[in-house]
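In order of appearance the chains are A, B, C, D, E, F, G and H, and numbering begins at 1 in each one.
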Amino acid sequence: MSATEIKFAGLGGQGVILAGIIIGRAASIYENKYATLTQSFGPEARGSACSAQVILSDEKILYPYVTRPEILMALSQEAFNKFLPETRDNAIVIIEEELVRPKGLKSGMKVFGIPATRLAEELGRKMILNIVMVGFFTAVTRLIDYEAVKEAVKASVPHGTEHMNLRAYERGYEYGQALL
Amino acid sequence: MSDGKKSRGPRGVVTINAELCKGCGFCIEFCPSGVLAFSDTFNDKGYHTPQAVRPEACTGCDLCGAYCPDFAIFGMLKEKVVA
Amino acid sequence: MSRVNPVNQYLRMDRMPHIWCSGCGLGTTVNCFIRAIENCGYPREQISIVSGIGCTGRVAGYLKLDSFHTTHGRPIPFATGLKLANPKLKVVVISGDGDLFAIGGNHFIHAARRNMDLTVVCVNNFTYGMTGGQLTPTTPIDAISSTSPYGNFEEPFNLPFLAESAGAVYVARWTTYHVKQAARSIREAIQKNGLSFVEIISPCPTLYGRRNKLGDGLAMMKAFKENSAIVNGADTREVGLDFKGKIVCGKFIDREKPSFLDMYHTTMAERFGPFYEPYEGVQ
Amino acid sequence: MKADPKGVLTGAHFLDGDHACCEGALSAGCRFVAGYPITPSTEVVERIAARFPSVGGMFIQMEDEIASSIAIQGAVWGGAKAMTVTSGPGLSLMMEHVGLAAMLETPCVFVDVQRSGPSTGLPTMPAQGDMMQARWGSHGDYEIIALCPNSPQECYDLTIAAFNLAEEYRVPVMLMMDECVGHMTEKVIIPKAEDIEVTPRRYTTQKPGKYLPYQAGRSEIPLMVKAGDGYLFHVTGLTHDERGYPAMNAEAHDRCVRRLVEKIRNNARRIIRLEETDTADAEVVVVSYGITSRVAGKAIQMARADGLKVGHLRLITAWPFPEKRLRTLASHVKAFVLPELNFGQMFLELQRVIEGKSSCYPVPHAGGTVHEPEAIYQRILYAARHSRLKDKKEVAR
Amino acid sequence: MKADPKGVLTGAHFLDGDHACCEGALSAGCRFVAGYPITPSTEVVERIAARFPSVGGMFIQMEDEIASSIAIQGAVWGGAKAMTVTSGPGLSLMMEHVGLAAMLETPCVFVDVQRSGPSTGLPTMPAQGDMMQARWGSHGDYEIIALCPNSPQECYDLTIAAFNLAEEYRVPVMLMMDECVGHMTEKVIIPKAEDIEVTPRRYTTQKPGKYLPYQAGRSEIPLMVKAGDGYLFHVTGLTHDERGYPAMNAEAHDRCVRRLVEKIRNNARRIIRLEETDTADAEVVVVSYGITSRVAGKAIQMARADGLKVGHLRLITAWPFPEKRLRTLASHVKAFVLPELNFGQMFLELQRVIEGKSSCYPVPHAGGTVHEPEAIYQRILYAARHSRLKDKKEVAR
Amino acid sequence: MSRVNPVNQYLRMDRMPHIWCSGCGLGTTVNCFIRAIENCGYPREQISIVSGIGCTGRVAGYLKLDSFHTTHGRPIPFATGLKLANPKLKVVVISGDGDLFAIGGNHFIHAARRNMDLTVVCVNNFTYGMTGGQLTPTTPIDAISSTSPYGNFEEPFNLPFLAESAGAVYVARWTTYHVKQAARSIREAIQKNGLSFVEIISPCPTLYGRRNKLGDGLAMMKAFKENSAIVNGADTREVGLDFKGKIVCGKFIDREKPSFLDMYHTTMAERFGPFYEPYEGVQ
Amino acid sequence: MSATEIKFAGLGGQGVILAGIIIGRAASIYENKYATLTQSFGPEARGSACSAQVILSDEKILYPYVTRPEILMALSQEAFNKFLPETRDNAIVIIEEELVRPKGLKSGMKVFGIPATRLAEELGRKMILNIVMVGFFTAVTRLIDYEAVKEAVKASVPHGTEHMNLRAYERGYEYGQALL
Amino acid sequence: MSDGKKSRGPRGVVTINAELCKGCGFCIEFCPSGVLAFSDTFNDKGYHTPQAVRPEACTGCDLCGAYCPDFAIFGMLKEKVVA
């Protein structure tokens, strides 16, 4: 694989951008890959759909936008509905299974679901569902090394919350491992 | 949305357009007659929307309408609705 | 749903849902405004609305009136031109605290000085909503914003005091909790001759409330209810706002002064006598 | 449409360019001016302040140039023909609203009586240093029209032309005067009102509800409405669709901005006005505009007295630039000489459009005064001697 | 001079371009920023607001862009390295003060994170529509330097370069970012402080009384002083003499402004930075800058895969424009292709400087997003097929 | 003439004679300013002067201090940057009524709001002198100017009231007749922490006086003497100016508030504790 | 004569610009000549030297500035001193003889002096000395027809002052006639 | 300019730089001791300039200096002049 296009999508406040940043950071800072993350911004204020797009590559990335994602991570139904059509036929689709009902999948797609909100709540903070998703993503895509992502999580979350977030990361990772 | 059942019936009617609602709760909080409460269901945008839990108490004062930032609810005097 | 919200006729329903966040006070302000114009005595064709840029700036785009979404900070001079070209219009400026008082502050004080025949409604949410929650000239001391991450240390404007000192003939303040009073004030303001000013304190839960741990829109509305005091006729010197402090509301100033156009007519009529055709706009 | 006799000061007058500009605005039907004093444009608004009240016009001195440049747009949407008047520093401040006028397609006129810059520079002395700014001073892509009068008479005539073009293309038109023409007094003939052609605003005939503010049709120019007529319309400086509603995507942007650009580019031929003398068999053509065209005229007289074949192409319209015509001339002219009161602005355009087919020589000048005719004359001489006819047929001598 | 370690965040970071620009400013020694929020540049000042207080810097959010663009100049004359940050509408408002900075020769940096215009346009979407404005947006004659980063790393690097150039030439330097590079996150490597070269302010060593603020000497760049050091100096935006005193005549103006223009034009070779790949034997050379250079890079890969000889010349410095280099290339290249996120701005410069020696093709785009690589690729193909080598030797195939 | 005027050392004598007209009050204001700084406690090297554009704007160019002649309306933000870069400086803005309150009004009210550590001296001659005598925001009602040929009909600002409402900590007004009081006020203003404001009413005989039949500079000075009343501590609401009416002079406001820099220090020291090195400018 | 360059110079307030305008207007509106008037402006406020330059010609005037005046009218010593050097060797020099002492004249110059201030005062208003000068100018230069200038005076002075100004014009003219 | 003649002499001395003077008359009007009056002569710029007609009355208060917009006059205590 030389370049992988990934879309992280959900509602504002769910932390999807941070999820994308962690993956990008892991690849570019803690592994020897290139990573480019772009976001689509709109005048629509926060609270509605938002997404981050990440390209991972072994070579320098020129064109920065994701056009046909090979991996879609969706944390809301609206996001899922919006981005599924542009996702590749053989894509990996990663969903929060209690927030997203995966209708309309194309035949070659592989779907991985995780009740990340519930898991996060079990860990004590609903807010860290995105980190659970990051762990899950790491496990099921095997794109980036477990340790690299772990470092990236540490480097990306607010000081003092590392411990909780790493637990979330591990929880998601385990959940993913178990599925494989 | 619901009209009253009692014989004298409510003076007012409240109408909710759940699709526009963003679940802020203003209408529920500031309805002087306690007509409204959150329903359990989400709308398409993922918000809990209000429902009239005590429709018979509605006076049609339209305070809910004045407060609603999403133009998703309004109250009316029943006579006007009929007219 | 066959029954239709009466406000819809004043809205561009083909643009709904609007872009404002859940719990934002802008929609509530629009409701107040619609109620104000419904019985202000002017047909809607005669009412123009001008906004600058910002979340509040989008108001013009949702109201089904002749409506102008101009540049950041400049709705007042645009409105000035509009009004002077056609004095029959009632021209209302609705814009944000940043738009009207940061970049646009000069236009406001000059319009007030001239007593230009305009109504200015400032939706004060203590922040720049549209650009992501930065400091504005109304952000209270100690409040956090994205450009005052350690707490604001710049004294904010006391808008009613500023408006009075610059010359406004009508000055009022309400919060979005005060829907009825706000509607009435806006109506009175529109009916006033000269520059009338209404400040509406409004929740921006997304960027101001959340960052300052003030809760969501509803929590902010409740705080408005609890922390406000209505003091009609209060000395504007005394109505400055603190972080989480009392919000003095009311109609503070309501005085009579000839407006810009009044003064223009008097001056020219005196000078040109019978040769002066009273200026009634350019048509 | 004919001019409204009210305000037309028919007759022969001895006026300076600034005052002539005021009279041009009156003749063109301008009834709203917002301005802020700045040398050397102040006399325009001073005369307007005196003249407007008795002819049903409204002048307001705003708090600054920013306010002036948007007040006129409010007035236009209220039904007026409107202009503002300034000089370089003020024009710099108006740039955001030149862009707004382009985006809203507000027909309006910006008068720039150029003085020597940059910055405060020489406030009371002439220059032509704002030519590129007039075209490019606002952010993003857009087009404007710019006219360059070279006498008080033309200050009058071209002010009318500016208003007419603004209406025809719904575009901000810049009248690029300079301190010299602004403060120079000469005879100005103001025709009878019925002899003055004035382009009226083009209003829609559609009913409210049907009307779409930015539906352009084949002419590329949408029809207008004004506030108060019941259309309940919306306009925005955001990228918008035909309804005038914000449309936040690249496709809408392309549709919106492409038309703003193309309505001028595609109509360049109809917009452009030139004055050509003896270009047909010229070896050297002097390209000039504004006050410099008169100094160049004198230099050309000197060169012709030497027997040189020198033509003169005067840009009355500087923007859009007469690309086609110059390219055609380049195919048979040995060299162009372009004097201007700046260090090379329109010269860059000339150099671009002739694509190396002829030689071209700037005669730059910092401003503060006009050229010495001698300097231009020397350059013509040099051009005639040092340029060769490249791969084109020698013109008949 | 080496960078002050305080403020240099040495290491590898995953940063967006806006944040990288903030770090670049810190590394360059910038300790004063005045700004006014505007999408998509806001993140630069937000990071600055958080970072500056702990490194001895001062950030102030001014009441508008006009104030910001002159507050930085006050700060520079008080001894600071200073910048302001904005996007198109704000840049339009800053134009008067770009001219002031040019006139006072205030070294300072203007960051423009370009969005789609004109007017409010598409605030959250990319464009490159302010390129001509950067060069020409203020009134009168002056020169600036403009740099175009194409990645967060370059947002960091070129911010430092911008400060260094500003000091070296005492000129306002424009950092022409765009929404895409500003909001794109990639790895950014910040070197150790001792590996960062920083140009210090060049202060006079002369005594008060002897020192003349605008005595330039052969370098064309006068030395500075700062307020509070006892020089009791004066500076003015009026045309001035070497003492910094107003000098109100054409000769003084020529001397004053000519140097402002020539100090950049004469040093263009030293200022200009380009990135060239495979231009030596190219038939078609793509000229690009900023984010578009990456899209063009992809298109070039596609074209090379077809066996075409395509070179790439990336403008890191857009202004001054690499006139000489392009003219040289034009002597052996069949055609140039210039894609940009506007309807043709730098293309005009290209067309001008190659003087018809090669064909050249724009790939205009309204903005709102970047080009489809396919569109540029098609244009390269077209250029390769339809252009002929004119009167130049066929390059070896 | 071997004896030398002591003010000369503060002037750029190589630029004399200055451009101001006979009877113009600007030179008198400069005298007051020089007397103010002579014993204000700061060495002259530490005093910077910033002007905008106008006849008054030329003050910077005649004073032998570090002096900056900026753009029209913008001396205050320039001064803000200068002061913040080097807080040891005492930065004084001297500019005209048009410069500071027409185009520059916004900067003034914001500097006052922030209580920026600056002194602002406004020479109010009721007109734009430099450009030929147009209307300014301080031109009294009925006064004639070249752009109000039929008499001004726009209400002027009451500058002290505006300054107070925006937040200035020191507000005074004098005329050029009151040379001693003006000098003392300017000195006090310079010594003040935060934004201090002194309005100096000054004759422009050439463009304001002559047009309004007020006589030459001397006649205007005499009128200042006769028509002025000193009311220290007057309510700023009451000190607005009419054409030929009473000119209330005095020190109106003198209050203590932490300045911008004070507030900055407090906030950052609180936030960063021992890690905060008190900001002392960029060097 | 095809083009004549004239300089009108004095102090601000003396009305020299108006004098130039009257001559220009007379030539261009009331005769069939071309006339171009330019002024030099300076930042120096009013009260100091000021001047107007007029070119009269039978052909269209291109270059608008006067470089070497053939006629100099000087109403103040300062103006005289300043502009004499650039005036042509054979120029006509017209002065207010009580305000200007004509030192340093070149040999070919013809000087005409008139006590215009005194004459104006005699007519009741010192202010109209410029119109006296215009009459004098008309007489001694014979460049423009008496009637044309008279019309121009009428058209150039404030309403209601025509009578007084015409008397001033005539007085100056007579004084000039008498000298010839 | 003139120094006093009397034995006690004036306390102050006034100095006038006629070349800078623009004849506004401020100094004359506002000299509290009536020291000054216009002279009959013009300076090069054409202005009547002041002269000390009662030099012995000068107190050296320098009000003339404070008023003079052209920096053309100033008063001083005599002792200072000597020093």
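Criterion: a residue touches a chain if its C-beta (ideal position, glycine included) is under 8 Å from a C-beta of that chain, and two chains touch if they have at least 3 such contacts.
Please read all numbers here as calculations on a predicted model, not as lab measurements.
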Problem set entry | Chain-contact steps, minimal, separating subunit F from subunit A | 2
Exercise. If you tally the C-beta contacts, which comes out ahead, A-E or C-D?
Worked result: C-D
For this session: Give, as an integer number of Å, the spacing between the C-alpha centres of subunit G and subunit E.
Result: 55
Exercise. If you average the Cα atoms of subunit C and of subunit F to get two centres, how far apart are those centres in Å?
Worked result: 32
Seminar exercise, completed: Note: subunit H sits from subunit A at a C-alpha centroid distance in Å of 86
For this session: Send over the residues of subunit B in touch with two or more other chains.
Result: 22, 45
For this session: Would you give the residues of subunit A that are in contact with at least 2 other chains, written as numbers and ranges?
Result: 42-43, 47
For this session: Check each residue of subunit C and list the ones that touch at least two other chains.
Result: 20-22, 24, 53, 69, 71, 102-103, 105-106, 110, 130, 137, 150, 268, 271-272
Problem set entry | Contact set on subunit E toward subunit A in their complex | 12-14, 16, 39-40, 123-125, 179-180, 183-187, 291, 294-295, 297-298, 301, 369-370, 373
Seminar exercise, completed: Within their complex, subunit C touches subunit F through residues 102-106, 109-110, 113-115, 137, 141, 150-151, 153-158, 161-162, 164-167, 236-237, 257, 260, 263-264, 266-268, 271-272
For this session: State the interface residues of subunit E toward subunit C in the complex, per the touch definition above.
Result: 36-39, 42, 45-46, 49-50, 53, 59, 61, 63-65, 89, 119-120
For this session: Give every residue of subunit E touching subunit D within the complex, in rising order.
Result: 66, 87-89, 91-93, 95-96, 99-100, 102-104, 114, 116-125, 127, 129-130, 132-133, 135-142, 236-239, 248-254, 256-258, 260-261, 342-343, 345, 348-349, 351-352, 354-357, 365-369
For this session: Can you check the complex and tell me which residues of subunit C touch subunit B?
Result: 1, 3, 5-8, 11, 16-18, 20-28, 30-32, 35, 176-177, 179-180, 183, 216-218, 221-222
